[in-house]
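Presented sequentially are two complexes of chain A, the first with chain B as partner and the second with chain C.
Showing the complex of A and B:
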């Protein structure tokens, strides 16, 4: 790599890299020279902050007295990176690194420009009290958000590069004193063995980390709440940040983590106890209610009060299909509604829910296609699904209903009991990064924060 | 290998799917069921030995809110046994007879004088019949009582259930007897069950329950009139809201008793039971009076009431003793307090006809019922 400083010839490395990058037009390759001093710069315009570049690389070149001083100036720059092979150099260039050649030396400086570095409003898990701003799509800003809320020298950011096509940077964030070492080891191993061609955001990274492609229940948690992140770091969990994604992955996550809203910590004891109770009863209602309807009306109407049995029987007069088909159709219908209102812009989704929920529901009852009680059950199920604070569990639960419905259709209330037992067994058998999924971390808050898992 | 397992999976899915078309034998939609709410049993009219079973079936219908009264259907059939009659009745209707909501068994008064085992056995054996069903006696016949549709009955509710167990009305005149209780008391020695008697008025628009009947062994029965029923109920079931009229020198008081505490003790003499001491504590206030009352004279009023009530209780126990009936369970108590080897019940049976009763009545009136 000997290059002649006398001739105005581009160093070979720069030339080679530029050639490999072409024909992209945002490549910039310039030569700075004044009074015998010479420096060569190579970077990609679309990735580099040019104002900073001008201030920290170009301007000093003209201000320094000799080329040696400039060279040692660059050498001591804090954003300097070590050079590696051509391939990683190219990737570094696409990330916003600048390659400077002075005399025989090469300097790789990171002068990244990120257009999407604003901290975002929290939309997925809004709370009344608590943080209103979440993470950013830029990993540096997200790291800053965490660091500024958790001032501990033991907080570690372990950054690495994904080995897929996007070559995105990810960061493992944990407290090295409190962290669960087994989980950390497992996550590192899984990240190393990750071989998916393209990872788009933390959402799919989380799925690939799972180890099981077809699992119904999530084993990592996605969140955008910095307070949840801090809470989890301080109880020994590991956070994975992905550049370009405003959500962080928390691992390992157990079932009960998904049932907690950060708001619980901000309310008084009785209020959070009440909301917790509401949440679990909502969970039970949205899992079991459709199956319970089939089981009770078609197998054991003795469970009802007499008055209710007569009312239910009356409301089913003229309904042409057996109860399980009725329930199945109504559940599908409500899933349509939920899907439609999630995907549509807010202005239109209101119309969809009104037309779907109110008009269709009433008309279906009027036409004796379903019973009134069924409409009540289905609406209750739909509403109680939204009580679950974390979306991923909500989706899993939506699937569970159908399994329970199937069991109950075949075996009545016994089937419901067996199905519920099966779910519990399944969950107990599952684990998330070495932690049992149904682990009941019954500690008081002080203890949980103070000791964590070691 | 892969192909074979895929075939297997396909077949499994097909089998599962096709099984949805079959509905299992237990799967029966609620609108294919008829809810039997009350069963009535009468002696057979056509057969010389057997029963006539009448079912009162609640019919659900569309707009409950608009309906003015509930609709019922009645099915009657005679058979040598209750089970037989019900089996035949199942062929008279297009839907399944559902007994899960059957909560009242109405038995013709006459049948209580015979062998109960013949027809009560069926109810205890059937799994879907609840042991917490109420049992009542009917006068003049179970069928008549079943067909009464009271004016006060609301749609989708069954007035037969509301009478008992304090579900609806709460009155000291109404004795509640559950099926399990009835069976237990009937078969155990030393206690006799008491059933309420259901009657109706002339135009069959009301159900009336204020009398009761003590059912002893071997067809021995004794009817208690309203006053005695009330006394019995207040002593055994601590029925609250108990009111009692006291008349003395032109002063007429109606007491409202809200707390009753009854204890009894069996005293022995020479190893033979000789005396039963009934201690009754009542707390209440004066609910009605024909003269102005003074709060200072409350002990006097209490005293008046004690005397009047004591004689009534005495009358009740004497009457029961005369008939050799024991709904209080004195005999049962005696049996439990003695060693089984000494056969205490035989001793008791011999002693009961001339045992002495000592009634200690303590009434504490809290107020005259008027704020001054």
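Showing the complex of A and C:
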């Protein structure tokens, strides 16, 4: 022991790690020594909270009477981590761990500094009555947000590390009493088998977890609302938090989840029933209206009452092509407009919508390139798409209505009716982590309908 | 009783209101249609009772599995083949009927083949679906449609042009003996429960039928059969109906929604019943395909871990449907439908017999 304390050489492990980390300039490797006591510290300046480091590691070194007391002080620190192999040590250092060598002992202390640990304003799903602050980019703060809103001893945080290049920490959050065990097993398995070089945030993580990257409908849900998280935890779902991403993934998610706004829970019975009705009719309108227009104008104009049929026909006088081209043209136009106003800064997007929506729309009608009623249909479709509370479903529906339009273009009103049923079949056949995507829920359902065992 | 069993029964009842069955019944209106309906109702309820209770001891088992377990092999393959042919033809007839119907009333300029293909694509998707998911979609579509169906039926019942005197005239023929064809035609809507042969695999509990359920089915069945046969009488008149091909469609065209966005009742009526028939066809063919899979299945078609066997049957279904449904005329369809209904008792007999055999085999196995 005498010889090692007198040895001025940096311990070999520290030296080796520092070598591997170089030539980055934010590496700090110092020796603390006073009156024969010696300690070596290695950390990355950019990842570590230096004030805390000073308070908890450097200062006690000079205050403790002997090196043994200091050593046992470090040994009993609550943020101490077990040492593993070199590789994971390096990753730990990049995450804000500090490696301290005292005598021949090494201590790995977590003293992370996260610059972005503030709880963020909710921007994606604003409500009037619900929580106004969402999650944070720091996983600890997000976990804190959840824990402080759901005081149950059964709430579990299961943290693990992603195996991609970013080596980020993720946490599975669930209530171990209520959780759906099959879904939990599936998610853990998929996380284990995840094989993607780089995962950027919870947004792409949920896509990779999906199993099927090409599916139109989302099978996980992204949210930043703590109340939605709590609501879902209490109904047995699993939340995945990703460090550095202010959105949490909720899985499994089914169709009806995407049609609920948290606001519904804060309103009275009739009011939320009414908004729910509005939302579903909006969904129906934005899927079926373009197809209905084609079916009615091109195939069976006599479906509507005579006056209405005449109005529709009259507004199409002078339009030089069949109705399906008109609808495709206008729908794509409105998609351009939506897409442009999403990507642009707010200041410019107002101009885009005015020029695109008002001026072009009027001009198109005056030039007899499209009918008045088509403009009404298209605007109605665009507006009712935004009635859907969750964006991802909105995107899926935008794609879906083109498919239905195609089917109606080929088969007329029959195509519309059968196509709508086809959508129901398709959604019912989809699964999200072992849970049927679209089904009615009622009591005892599980008892009556199950999976046949061989 | 498991609610999915109700769905099967109700779906088949509703889907058969529109075509074929009322036409055949009306042809026999002076030759014992009324008593035939009554007899078919009783037989139908009894069949429901027998079939449900036969499946009661085997929760989570489908008919092919049970046949495999408890009956000799030389027997079960022909039986399954016969049953699946029945299911397939039931779907095929519905497709043909609706093809002609749509051509007649909704899209007269469209080729029959295109109308057939509008069905066939999505029905094939339904065949490939997981059985479990099909049950879920059955529930959703049925529950969304039933309120509209009830509205439509109520509208027909209470419309001013409904003349109940003709119904009374039709009822006076109650003193005729039942006719075989009429009984068979009226029985067909009642036996939607037969779909249980495949779907029982996913129904775990409550596959049983008590007195209360029996009464419910009796009531629903009675009301539906009454509606099917008597209501068109009130619009078309007694004695004329045998000159019409689609009594119910004409009935629906007699009703006008004075203040509706869609003024002609027939369009809503057609599209709603089209949806339900589509669902019924999907279920029929799903069952047909599952039964056929139990008859013949080759390992050669499992390519890259993907089982392509269902596609084989789908191609077969497509071929037959395009040839048959694309060409059939109304008269041929009517005849074929009648023959199909006439052999329905044989179908039920085979089904019941195989269930009895299973029961015996199960006893032997202990």
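FYI, the second predicted complex is superposed on the first by the 437 of 454 C-alpha atoms of A that agree within 3 Å, B and C clash if a C-alpha of one lies under 4 Å from a C-alpha of the other, contacts with A are read in each partner's own complex, and residues count from 1 in each chain.
We take it that contacts are C-beta pairs under 8 Å (C-beta built on N, C-alpha and C of every residue); 3 or more make two chains touch, one makes a residue touch a chain.
This structure is a prediction, so every number in the text was calculated from the model and none was measured.
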Looking at the overlay, does A:323 come into contact with chain B only (first), chain C only (second), both, or neither? first
What is the contact status of A:270 with respect to chain B (first) and chain C (second): first, second, both, or neither? neither
One more residue to check, A:409. First (chain B), second (chain C), both or neither? first
So which one touches more of the residues on chain A, chain B or chain C? C
Just to be sure I read the superposition right, which of the two partners does A:302 touch: chain B = first, chain C = second, or both, or neither? both
Please write out, lowest number first, the residues of chain A touched by both chain B and chain C across the two complexes. 299-300, 302, 306, 410, 412
Contact set on chain C toward chain A in their complex: 2-4, 60-62, 102, 106-107, 110, 114-115, 117-119, 122, 125-126, 129-130, 132-137, 139-141, 143, 201-206, 260-264, 267, 271, 274-275, 278-279, 282
Chain B-facing residues of chain A, complex: 297-302, 306-307, 309-314, 316-317, 319, 322-323, 409-410, 412
In their shared complex, chain A is touched by residues of chain B numbered 19-20, 23-24, 26-31, 33, 35, 37, 58, 60-62, 64, 98, 100-101, 103, 128, 130, 156-158, 161
Quick check on the complex: what are the chain A residues that touch chain C? 299-300, 302-306, 308, 407, 410-415, 417-422, 424-426, 428-429, 436, 438-440, 447-453
